[in-house]
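We just call them A, B, C, D and E in the order they show up, numbering each chain from 1.
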Amino acid sequence: QTLNLGVRAGPEGVDPHYTATGTHAEALKHVFDTLVTSGDNLQLLPGIATSWRPVDATTWEFKLRQGVTFHDGTPLTAEDVVASIRRMQVLSGPNPTRIYVRNVQDMRIVDPHTLHIITAGPAPTLPNDFIRVFITSARATAGLTPETANEAFNAGRAAIGTGPYRFVSWTPREQFVVERNDAYWGGRQPWARHVRREIPNDAQRVAQLRTGQVDMIVRVPAADVATLERDRALRVVKAETVYVFNLQLDYRENTPQVTAKDGSRLAANPYRDIRVREAMDLAIDRRALAEIAMEGLGSPQGQMVTPGIFGFNPAIPIPTPNLPRARALLAEAGYPNGFRMVLNYTNNRLPGDNGVGTALAQMFARIGIEVQAAGQPAAVIFPARARGELSNIMAGWGTLTGEANYYYSANAHSNNRELRLGAFNWHGYSNPEMDRLIQAAAVELDEKKREQLLQEVGALFARDRVGIPLTAVGSAWAMRRDRVNLVRARTDEDTLAMDIVPTTPR
Amino acid sequence: MLGFIIQRLLQSLLVMLAMSALVFAGVYAIGNPIDVLISPDATQQIREDAIRHYGLDLPLWRQYLAFLGRLLAGDFGRSFVFDIPVLELVLARLPATLELALASVLIGAFIGIPLGIYAGYRPEAASSRAIMAVSVLGFSVPTFWVGLLLILTFAVNLDWLPAGDRGPVVEVFGVGWSFLTAEGLTFLILPALNLSLFKLAMMIRLARAGTREIMLTDTVKFARAAGLAEFTILRRHVLRLISIPLVTVFGLEFASTLAFAVVTETIFSWPGVGKLIIDSITSLDRPVMVAYLVLVAFLFVTINLVVDLSYALLDPRLRRGGRA
Amino acid sequence: MTNFWRIYRENWVAVVALAVVVLVVLAAVTAPLFAPQDPYDLAGLDLMDARRPPGYEGSGGFVHWLGTDAQGRDLLSAILYGLRISLQMGLAAGAVAMTLGAALGILSAHLGGWVEAVVMRVVDLQLSFPAILLALVLVAMLGQGKTQLIIALVAAQYAYFARTAYGAATAERQKDYVEAASATPLPGWRVVLRHILPNCLPPLIVVGTVQVANAIALEATLSFLGLGLPPTEPSLGMLIANGFPYMMSGRSWISVYPGIALIVLIVAINIVGDQIRDQFNPRLTR
Amino acid sequence: MSAPDRQGGEGSGAVDRPIPDRILVAEGVTKRFDPRLSLGDRIAGALGAAVERRAVQAVSDVSLAVRQGETLGLVGESGCGKSTLGKMLAGIMAPSAGRVLVDGVAPMQGRHKATTRIQTVFQDPFASLNPRMRIGATIAEGPVAHGLVARAQAPAMVADWLARVGLDPAFASRFPHQFSGGQRQRVAIARALAMQPVMLVCDEPVASLDVSIQAQILNLFLDLRRDLGLTCVFISHDLSVVRHVSDRVAIMYLGRIVESGAAARIYTAPRHPYTQGLLDSVPKLRLEADDLATFKPIAGELPSPLSPPPGCAFHPRCPKATEICRAERPLLTPREDGALVACHHA
Amino acid sequence: MSALLEVRDLHTHFFTRAGVVRAVEGVSFSLARGEILGLVGESGSGKSVTGFSLIGLVDPPGRIVSGSIRFDGQELVGLPQAAMRRLRGARIAMVFQDPAATLNPVLTIGQQMALAVRAHGRASEAAARDLAARTLTRVGIPDAAARLDAYPHEFSGGMRQRVAIATALLHGPELIVADEPTTALDVSIQAQILAEMKKLAKESGTALVWISHDLATVSSLADRVLVMYAGRIVESGGVSETLRAPRHPYTRGLLDSLPATARPGEKLNQIPGSTPSLLALPPGCPFAPRCPRADAACATDPPDVVTGGRLVRCHHPLAVAA
């Protein structure tokens, strides 16, 4: 039986260490196993490692699974894990997987199924990072240089994993094909063959599902969910993801895209005033965003991480709109007539981003801010943000590691090259208290204390309105009822053949 | 003639050089791909490594010269996203686009030219007016919109034809073609139709205008005076005469079809270079964009050259002495 | 001129088309007077009215005869204002492209030599290079906005005018009246401005109408590809593109009505252009 | 070939000083159209391929002079270089060699015409008027641009000229398409004369007109010439028209003058075999039933100017040709009766 | 001898936007086998339209509105297109003014002539070429067989006109309509073509309608002449009588306008005014406004005055002077 899946994007090669892109990892999870895996709610689960524990402040011990063999029949040992991590450390590309092993300083093989990882400093999130450590065969990758690796993998020579499927073929931007691995340690898979077809165009994906060219599609556009639900031949499964739409405002003294209504310069950047930020927050009707702009494929959100994520703070409320208060706050801050701003947002990156962006513009207009909506492709907007040309940006962020510091350290910490923190803090927010909390959380090995610290970060983030979280992004899958069934919808949106079963024939 | 060919080759070379420089500068101006490619939590170190890895730290002109140098060796560089040779990437998809473009240009020519000749031959007839109405419509309706309507009608609602994608291909000379099987053809029909609509309209108009003019010339009168049948006149005299301007248009249209395939391929998820370029623009895969644009320019220049030379074949007046 | 109109009148299709164009232009110009809603005024929109089918009475207290779009905007108003923007873009791009193209074409025909060689080579190159790709790359480079879009459209279209003007000017230049003017002798600029230019105008006008239609269509396509105008200033193309995702889900009015408006406009302009072309072609008149 | 040799009787005498009765002097005027070889052609040539040089010597070494008040007729078949010579005389085209002097000064400075003293009337009255300009503006444009008449006086001047060429002055505000061919040619004449030239070059001014209209224009031309004392070069392929208006006639063949002299003499006693053949070729009005309509066409065709025959260009068609004609080009030499003939056997 | 061609009261009109152009208005004449008829008149007088009417090729918006054309006893007006086509090229042929425009530039001479051969019956490739070559030789093209593969642009103007004439002669037609075939040619070439035509017509007994605006040409070629003015025949008769002693003031005026008939330098005896527009012709004699002899009577249609084989349509014909 073949599973034909229509996906948005496919892998960018067959080498699992080549790039850190989500869709890349998603596809290669079929061929390669990771050291640690994550569940449908991003909880950490055993993978090739059956257990792990910190031995001391800078050492983690991983116990490896017994009896795992590669597709070529050779058994998996600690050697292979070491070789895989070594590869990750040297490979460089546009988006190298090196970040997942940046904390690894040294490795010690205790026995063929026990491994010690030595880190530079305390690294409490190491197991979280390791959900992306794919294990390749040391034998198959021996002698490959960064220059020759790609070729060897894409041709299949080095694409030897331990995963539930064997690699068959890959055509860039077209399809990725795998076949069942009958010797898989986790048990036999129901699909003899699995084809992942790349269909980035939403309408086209839906059309191909309806004509039966594919059995199932991911990311059903919100617009089509209701229609597909009505179609008796189809089943639609919806789930919340870890992506959160949020608005970031500039804190710099001078900001390029905000002026008075007549176009003249303002004395100061209004966004620096907490009252203005609060006013804008209060202007937002998150329910309307979720229900109407996203057509139900979303849910209001008061913080940057979703409930399943480590560090989620249940005490932070979801703000409710209050227009009179918002106008009053604006007036108090010295902008009784509002001001004029450009609102930047991505229009092709996540489902609903265009709708949320335009709806936001409408909501700000309600409190007297004149908004010029500028929805642009991510390819245009992200470089502009990096160049500091924007005053704000509405986009989605996904905490794919399942751990809140992933977001806060990059966005809320002041930009600090030495500490490698705040890499995404383009807006110049800087608060010593915030920095202290984030740094402390980064090295705290005690889970409870760490969670506490991260919740404090979240609270401070919400109080300062460092960013304005809007809604969590939902995702929907649609499938042909008579052929397949999705039994587990993952919050990281990974769609895996392992989570899909054939519809049992009558 | 030889001198003419040499002259055109030299010009083409110059044009290609200018094109490559323009394209390079243009693509450079779009933005820094690193910002799109690299993951949000990458460290500064990783970022800088990546920039160096791709040579993006060098000044533009050095990057360009390096590019030219590699180009001369037939190396278009490697894709940022896939790290595989761009040429491989593009060439693997070129047949799909060529097939689509050719199919649509042929539809345009084989349906459009006869219709156009007819409409030009009897400009006052109701059927001719209907043909012209269709051509104006084909000229005016945006491709992307028609594409979706076609999918909605013929694939989703009627379920006659596949909604998109390419379907099975048959390998000939190591290249896959889908028009060789009946099933492959079903995949080709809708996108080719979509893409050909504009060409069809164009061919109709050109053939009609040409025919109308030629029908008034003494050549036709003289042929009639010699007792030739109307059909013979159309087939032997008119067709030969309008074929000269049509060949240019045919050539140029073939080339611009390659470009318009961008839209059709996106809508029908046809795995051709057009879709590749859109994907590459969104991911700022610079080498692919540059290679594609340079390749397209190369195609144009070549087609232009071929068109000019085929002029000489069609128009005996140009065969001697070379220049028009 | 009266003669021109008398001949024009004979083709009733062209008369209807002209009427449509005039009507559309009027509707576009006077849109603020009778459109039920100002679609630019974001504060006047209500998300609660989003995606309502034609005939729905919204929170604004009036009936949305053509339904509403994803932002709760009245589609009829949006289409009226969209026509305005589409026409604006088409006319602005057409006018700039025509001026630039005509100047380049006529000058290179007049000056000859290397100016001619360089300019016409570039123009040929551009003509063979697909407009849509050029515009695509340019918009990606320059970013969003009316001006940027106009620049992209002009860059994609001026070559047609330059070619036409060049062709016409070389043809005119060889005519005796130009030689007679030079033989008087009159200064070069005077020959160009008073003699060559006015006689190159008819073909330019014909190309102009077609190119205005093309510019409108091109802008729509760019919008569809996500590279058009900002969504709060919706041109017809933008409206179509915005409604595009709803085509499959039965809420096709969001895209279909603007699409019909666009097609009617372009078809009408093209028919008018065709008629003018036929009338300017002396071989076809009788 | 030395200068005195070729100047013969017509062009002899010093021309550096304006000689009162010689308004126009041309000396050894030659025009070669030599399209520049493209780079590609040159490379192909270097590679040993045969490269066609499409050089045309349209006018070769022509010398002539026109006296005050005189009309010189220039006759020849299509492509023999009449128009080209006319343009060089009128200062519209620069000669490749030799020089032209009008009233003692060269009409061209560099690539541009620098004098208004010599004006032109073109063949096709439908093409020589700007279709988008009122004829009043067409006539006034030159004189106003050159300050020959004040802008305020222009309408009066236009009216005056229109009247003189036999048109209603009220027509000034009409466009060319509102006129018949003959009327347009009158406008063209008015335009040329309004520039107050000392000399007129008329390039086939009646060739495209109907016989009855042609007669009107010829009459107008004769009148104006008498009234204004105009000096003229009158180009035509129609032998009878040239004979009617010219004092002297020059016959051209393949870029050269083969014979010239007083009009009456040329038509009654042609010396050059080509002139004789040409006159015999023209169908005559046969008024008597028993007049035998005999044609004595010149054999053969006009050779291509791209590859003119060696020696006397006419020798392949000439009944009198001998060895010397094939080898040596005859010079235009004065004969006892004052005629200038370029023939070994005349 | 019965007439080969009998034209009776032919009216050919063009229905244009501006109104009805009465290009041919009541033209009648007849033509015997082997006779050469000259058709003269100024531009726009309807010569070509008359010619095209004979062979059934009047361009729309024009058509023959009334009258009769009998060719060898067969009525051509109203003949179905197919029947007319069989006649064209086979029994009636036509030659045009501009040889550069009549030949298709992208087909070889041989191809074009072969098409004309096959238009009237099957012929093998070789047979068609052979006939073409032989006919080309007849019109004085040396080495014809070899030149069949040449393109028109490789021929000179005179040669091209010979090819056109040869194409017309292919099927040995009984009538050739020649519409100013020498106007575009040089004098020396024109003389050659005239001589050739005269010889061919004699040899083959083909009747010829020779259209020209040049009186001299017609006078030296034709047996009879028709003078047209504004779509009507104003005078006809034997060539030499008519030109020596014209009876219609227009014919007189034409002759007097010729510089060849006047003394050099003297004023020509010109016809005043210009040819009228055919759109709005007042009733009566169309020449009256330009006519020195016109009077009130000329406001009515002039009568046909026939004397001794000569016809003149005038209220005040000139006397047949000695």
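Please note the rule applied: a contact is a pair of C-beta atoms (placed from the backbone, for glycine too) under 8 Å apart; a residue touches a chain by one contact, two chains touch by 3 or more.
Chain by chain, the UniProt names read as follows: B, C = ABC transporter permease; D = ATP-binding cassette domain-containing protein; E = ABC transporter ATP-binding protein.
For clarity, every value in this text was computed on a predicted model and none was experimentally measured.
Number of steps on the shortest path from chain B (ABC transporter permease) to chain D, with steps defined by chain touch: 1. The chains that touch both chain A and chain E are B, C. Set side by side, A-C and C-E show the greater C-beta contact count at A-C. Centres computed as Cα averages put chain D at a distance of 32 Å from chain E. With centres set at the average Cα position, the gap from chain B (ABC transporter permease) to chain E is 52 Å. In this assembly, the C-alpha centroid of chain A lies 38 Å from the C-alpha centroid of chain B (ABC transporter permease). Of all residues in chain B (ABC transporter permease), those that touch two or more other chains are 30, 148, 152, 156, 216, 266, 281.
Those residues of chain E in touch with two or more other chains do not exist in this structure.
Within chain D, not a single residue touches two or more of the remaining chains. Inter-chain contacts occur between A-B, A-C, B-C, B-D, B-E, C-D, C-E, D-E. The touching residues of chain C (ABC transporter permease), counted against chain B (ABC transporter permease) in their complex, run 13, 121, 124-125, 127-133, 136-138, 140-141, 213, 217, 220-221, 224-225, 237, 240, 244, 247-248, 255, 259, 262-263, 266-267, 270-271, 274, 283-284.
Residues of chain E touching chain C (ABC transporter permease) in their complex: 14, 16-17, 61.
Those residues of chain C (ABC transporter permease) that touch chain D in the complex are listed here as 175-177, 179-187, 190, 194-195, 198-199.
Touching chain E in their complex are the following residues of chain C (ABC transporter permease): 6-7, 10, 286.
Across the interface of their complex, chain C (ABC transporter permease) is touched by residues 202-203, 206-207, 221, 223-224, 226-227, 285, 288, 292-293, 347-348, 354-355, 357-359, 361-366, 368, 371-377, 379-380, 384 of chain A.
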